[in-house]
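Each chain gets a letter, A, B, C, D, E and F, in the order it is written, and its residues are counted from 1.
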Amino acid sequence: MRVVALGEPLVQLNATSPGPLRYVHMFETHVAGSELNFCVSVVTTGLQCSLLARVGEDEFGKAVIEYGRARGVDVSAVKVDPSPTGVYFIQRHFPVPDRSEVFYYRKDSAGSKLSPEDVDESLVKGARLVHSTGITLAISDSARQAVERAFQLAPRRSVDTNIRPKLWSPERAREALRRVLHGLEFLFVDPVDARIIVGEEDPDAAVRRFREEFSVETVVFKMGERGSRVYVDGKAVAGPSFKVRVEDPIGAGDALAGYFVGLVLQGRSVEEAIRYASAAATLVVTVRGDTEAVPDLKEASRFLNSQELP
Amino acid sequence: MRVVALGEPLVQLNATSPGPLRYVHMFETHVAGSELNFCVSVVTTGLQCSLLARVGEDEFGKAVIEYGRARGVDVSAVKVDPSPTGVYFIQRHFPVPDRSEVFYYRKDSAGSKLSPEDVDESLVKGARLVHSTGITLAISDSARQAVERAFQLAPRRSVDTNIRPKLWSPERAREALRRVLHGLEFLFVDPVDARIIVGEEDPDAAVRRFREEFSVETVVFKMGERGSRVYVDGKAVAGPSFKVRVEDPIGAGDALAGYFVGLVLQGRSVEEAIRYASAAATLVVTVRGDTEAVPDLKEASRFLNSQELP
Amino acid sequence: MRVVALGEPLVQLNATSPGPLRYVHMFETHVAGSELNFCVSVVTTGLQCSLLARVGEDEFGKAVIEYGRARGVDVSAVKVDPSPTGVYFIQRHFPVPDRSEVFYYRKDSAGSKLSPEDVDESLVKGARLVHSTGITLAISDSARQAVERAFQLAPRRSVDTNIRPKLWSPERAREALRRVLHGLEFLFVDPVDARIIVGEEDPDAAVRRFREEFSVETVVFKMGERGSRVYVDGKAVAGPSFKVRVEDPIGAGDALAGYFVGLVLQGRSVEEAIRYASAAATLVVTVRGDTEAVPDLKEASRFLNSQELP
Amino acid sequence: MRVVALGEPLVQLNATSPGPLRYVHMFETHVAGSELNFCVSVVTTGLQCSLLARVGEDEFGKAVIEYGRARGVDVSAVKVDPSPTGVYFIQRHFPVPDRSEVFYYRKDSAGSKLSPEDVDESLVKGARLVHSTGITLAISDSARQAVERAFQLAPRRSVDTNIRPKLWSPERAREALRRVLHGLEFLFVDPVDARIIVGEEDPDAAVRRFREEFSVETVVFKMGERGSRVYVDGKAVAGPSFKVRVEDPIGAGDALAGYFVGLVLQGRSVEEAIRYASAAATLVVTVRGDTEAVPDLKEASRFLNSQELP
Amino acid sequence: MRVVALGEPLVQLNATSPGPLRYVHMFETHVAGSELNFCVSVVTTGLQCSLLARVGEDEFGKAVIEYGRARGVDVSAVKVDPSPTGVYFIQRHFPVPDRSEVFYYRKDSAGSKLSPEDVDESLVKGARLVHSTGITLAISDSARQAVERAFQLAPRRSVDTNIRPKLWSPERAREALRRVLHGLEFLFVDPVDARIIVGEEDPDAAVRRFREEFSVETVVFKMGERGSRVYVDGKAVAGPSFKVRVEDPIGAGDALAGYFVGLVLQGRSVEEAIRYASAAATLVVTVRGDTEAVPDLKEASRFLNSQELP
Amino acid sequence: MRVVALGEPLVQLNATSPGPLRYVHMFETHVAGSELNFCVSVVTTGLQCSLLARVGEDEFGKAVIEYGRARGVDVSAVKVDPSPTGVYFIQRHFPVPDRSEVFYYRKDSAGSKLSPEDVDESLVKGARLVHSTGITLAISDSARQAVERAFQLAPRRSVDTNIRPKLWSPERAREALRRVLHGLEFLFVDPVDARIIVGEEDPDAAVRRFREEFSVETVVFKMGERGSRVYVDGKAVAGPSFKVRVEDPIGAGDALAGYFVGLVLQGRSVEEAIRYASAAATLVVTVRGDTEAVPDLKEASRFLNSQELP
């Protein structure tokens, strides 16, 4: 069973120390990007995942390809583009402890050149599910069109709203996301994005709207430190939250989505899937890098067992 | 509007790992010193601040000058002295987690050669306020005389008691500080120092003594994790404390004082000033270095907003 | 007064960042090994401690010797063996935050070649106490025989059960440990090991068994975050636990044992000894390395005072 | 006496280890940019230097401002632009040892938004000399127009050709540079650029062309490891080259230009100026960062003395 | 066209600073092993390369798999073994500058468990060439038998003698190597190994023996800083040596062999192949890690061009 | 056989990157001090060496004691003083590549409090040789008197002139050194110091003066990159110099002196002693830290063998 994701992989320059970036002397590299992160989690649960993307013809493009390959993500359809591979910088714990702030250098990047012509028709048609996020919709018209094209061809679809205020306005986000929500098998959203898209930030109210307006099947509503709630088949399953020391929260949502999708598609119950997915998301925030601490199933179990002790 | 501060700037060698210094293999440099730290915060709030000080004719002296200049502190009156620039080492989280211990190499340093002749009369007379601390009173007779001279000339005065047991005895501290407290516009003090100076460590009792004996106008009483209390105009305003992960607590008091003075002098209410000043002091403890994490007003707001969420 | 310990000293390669080892690019070296760690704590409390061990004829063997010597441990009886000095890697905070996992490279190491012929008869006979752990019993037959030989000669004996599932099976552990428990002056054990050895994990029940079956005098029952309990002379003294940020928990038990034994042998009360020993064990977990943060008595006092503030 | 330079300051991410960038895990930040580098050297020789530039309203923009200020460069005319501050990455010693390769992220950067309206008329008219480079001509039309505008207003002018193949074609470089060469007081050029601009790479031949076609006064012809040659007043003065271990050659040319201009404008002989400028350029290549190792005059003397020993 | 190599991949712990290992505090990880290194170079020249090997069921085993995969080596036939993945430590520049010394922890490692049953018959029969080294012959009987089995099945064969005195005696090396030399297509050897195997260290004399006794086709004789000589078709082609700053010489021979084999099998002339292979080997010594600086063909060209300048 | 040395041990803060100290962000600690360094080399050759010194009652004092002990130096006579342990900073490769510059913080340090009362009479009388340097004569009157006292008691004496311009004037150096030269068994000196002391920098001329005026027995004349010359028994033996990459030259002279004295006292020929001592001095400059790369005799042999290859 194969999942396909569309989106821009980037090189992340993560501050090795907390505080304002102008006093950070050392940056550490990681490969990231929401959809690549998603793929790594899907693969870790045991499914195949192909990334549709472009990278630059440069060292950072090679870094992306090699890292994806290392993690078992199928990058054979990733194209090389003459533009540079996008990068971004992460400022950690400032001005709000336990949160991170990003500084993007991805305008006109290779990744933003993703276009409908990159959508391999047989790959997408043969996939169990095609996934993308609000980030891909935001980075360029051609990337947005690529998502729309892939969603037309795909048997089933999944979206993580991931609205990034640094990339577009709420209005543009609302319009673009509403065009891809119809009939989704999975929707990942949080209160802020829900308010932008359907005008509601209360989980129950927002989910009702996603159901009524877009016939979304499963909604995973993410509420940060208060855990999550999965709405499916008329019930709402609570996802746990765990208290850990935060090194960098970025990447948690992608791990949650990828792990959850991966497990549900393999027949695990929603209750089990959201528990494991929450474990994966939690471990991701304990390190720098978005995917290095994605646990395998055995490791996720060990984490969950350790949390259930009194 | 210009503030002037007198005191010794130093190069700080901060342990890159916690525990006893003899097992620390790497030290990271920062520029620090209570009054320079104070100036950085004052400048960050929007006022000008001039430092009266001496530095050595060496690389560390240049480091001090360059850092002060970078942060917008007026260092044009800082003199170069043939003695070496003082340095100190910081041991962190040992033997008491979340606290730091300092090892000074500042005896006979350039900074300790500060003397009354360094007190630029027109600069001091034209300042809105002149600030110093117990550290400057402790490091040498000439430095103490410089403070006394500046306080004679200054229109208004501010003191942070900052008694450092490694620099002098309680008796000497008591005597020297009592000579400069009279008529202060701002006094920053904590229970331990209050007991040394006026024999009381209870805030209300101590402040009564500072009022009666020295006619101090505003007293900011700092109580560590229990926040602070500002006594002014017959009222006591509580300053908040925030729970964050401590990397190095040194510099928090200087940020509190500089930020508070800066905002009050610009007409902010005491309530608002102590809230912002507490935010600044809190962020400072999340990093190594005394001033790198002093937030600007917008960042301080973001921090405060994040803390007021349920 | 001299204590003797038998066991394998190793070089520890500690991950400089948390998460799965395959993404850790830098490892930091420390010298460790349960019995060497024990000796460092014993020496820090003021007694002499000799290590009976073998190290390789290589740089890491020299590292062990030099570190032991630096810390004041008597390593004059440590032999040099043609096999390599054992090493191990530590993965931290993954998959369970605040816990560590070890990867050993100690099979057929120099340390495992410890044998009865290395047991210096006069040294052992003249010692106040001979100490070893389940690790030494596990690493090789000859090392186990060395412990048995030393225990025959020793006036008094101490054991920390320290069963490491990566080194042997519960069955082998149970059998080997039961052979050395008889008449111990000190036994250090935790619920998991107690269940393996005497089939009980409840402190009171387990201790009753250790008393009845093996006539053990003092049992220190370690319960992790719930502190410890010392059973001696018909009473049970509670040992405190302190809440600190964990960097690497490895080494805490060794510090507890060494500090406790050191203080009790010097006449301190059990109540005081377990309080200081708990302080030492707590500080050890705040750093990487097993012994670098063992406090001296004055530092332990300062830690304890800081914890007793409201 | 004041010099003015126009150009884009950037944040440099320098590889902490040699080899292909995709295997470099840590990058170290420096502030750089050809014209800012030039200014630092000018200031170090004792003149004032103002930078006309734009930086982003972000942490890296603040880093540029603070570093410029620290080094004594006048950055009061630097404007803040909503675009991001440009950054670039340096790969060192690969595939050619002792050479570096850059990867730019400066397209549509704040610095590239430099425009004629940023050219402070009184500052430029009052300057002793206005300097820029081929890089500023290449980054955008508005930046090129800013240089042309400044050159119209300036009493005297200086250019370092600095043709970067990653920024533009030889044809565009040739055309743009030929528009600013007329009547220059100083021209810095190397064989490759000379061939592009005047079709000659031989120093004598090229200089003849620069003289005849553009009436350039002083030409500094840079020949890498073979030193340099200064053509002025009908003579050619040889500049030395020194053999040192190369860490990163980037920035050497800027130091040579800034140091040479600074000294000549202060009345030093061409012979002395090129010797000191070569010393500065040489020391710059021994470290990472373009300006950190620019020596002051005393340090340059010490370097020169050390080289003249047998 | 596919090449197959048999041998043990390891995790390399490389000293981050020169000098005796016992004073090195930080070690940096790389994935290495002579045959894996060989494969990376073969792949970089454009051929496919499969590794036959075993790794442990541990983080370091995963590191090996992920790195191999990242570099495009086919690791699908690598088996997972319950023993630990081998590791080794590198001491650099001591006691001989520019040379390295290794400390192995590979006895009974997963890699040493390679056995004839791991030799995938169809893979080996279908390969263009099967390669191994003296290291694989040395690490265990089963590994040696695996090589012998693969060589029986393989259409053509290649050997790098790579005699490591830390792994076996000259006698054992001589005997084992002589059993696999017959009819080799490629033999890589140096004077020391040649003396052990055929009793001659002079290139011409040794090659005559390899020809006469073993009918080896192409012999690449490596002479360190004096370059190499390729004996084939009755002629001897000189391979260049280049002068660069050495960071760690380990891995150079593997790059030479892999690059040379890769290019020759693709039809490049011996002259060109040895020139490019020497470039690859040279760049490898400028960094830590055995394969990170293997250049692609374009990069190797740029290196060669830079060296041919006067 | 025991050697005794008198002098101040210090903690060295060595710049982790070359260039001006004000741009160095990380400093690495080492334990150093000329006489301690000397002792480490003496011990490494196989003799015992006791250090007479004072250290502070602080972490750096403990660092000195532990490092000395680790290296086998007898530190049992080192006293603890209430003053702080001296420290110094090293700037490397700037402004002169391959040379280092020191910035001392040792005024009124614990080490400078060394006094005649610290001279253990029986230890000194029983020693084979007592060694000190111009540094100890320079740091304080009491330290100088301690040397003079020890030299009165000592059977044989050795001096390394080591005149540090940052510590005293040539006049004071000349006077103090001339008081201790009489009848020395070993004198280590270089051209600059020789000119200060006897007015000659030519080796032959200077040695004649040392012989005639002071009856010195063996003079080791150190000439940097030109090697050394040993004058003894009417002959002059040339000491080799080796070309290596310099990381930090500090400590080379101490290694030369300690190694030479150690070997000569054990009966090695002057020719062999100076060759081995030169090897030790050479290896020391390839690393940071003064003593970490002192080779043992076997390592020194390997170095020497590697240098004698064509």
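Definition applied: a residue touches a chain if its C-beta (ideal position, glycine included) is under 8 Å from a C-beta of that chain, and two chains touch if they have at least 3 such contacts.
Going by UniProt, the chains are A, B, C, D, E, F = Sugar kinase.
Keep in mind that this is a model prediction, so the values were computed, not measured.
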In contact with chain D (Sugar kinase) and with chain E (Sugar kinase) at once: which chains are those? Just list them.
A, F
Which is it for copies chain A (Sugar kinase) and chain C (Sugar kinase): same residues on both faces, with over half shared, or different residues?
different
What's the chain with its C-alpha centre farthest out from chain E (Sugar kinase)?
B
For chain B (Sugar kinase) and chain D (Sugar kinase), let me know how many angstrom lie between their CA-based centres, rounded off.
41
In whole angstrom, what separates the CA-based centres of chain A (Sugar kinase) and chain D (Sugar kinase)?
43
Per-residue multi-chain contacts in chain D (Sugar kinase), two or more chains
20, 25, 66, 245
Return all touching chain pairs.
A-B, A-C, A-D, A-E, B-C, B-D, B-F, C-E, C-F, D-E, D-F, E-F
For the complex, which residues does chain C (Sugar kinase) have touching chain A (Sugar kinase)?
17-20, 23, 93-97, 99, 245
Hey, which residues of chain D (Sugar kinase) end up touching chain B (Sugar kinase) in the complex?
66-67, 69-72
So in the complex, which bits of chain A (Sugar kinase) are touching chain D (Sugar kinase)?
13, 16, 20-22, 24-29, 58-60, 62-63, 66, 84, 87, 91, 103-105, 107-108
Name, in rising order, each residue of chain A (Sugar kinase) that touches chain C (Sugar kinase) in their complex.
244-245, 247, 283, 286-289, 292-293, 295, 299-300, 302-303, 306
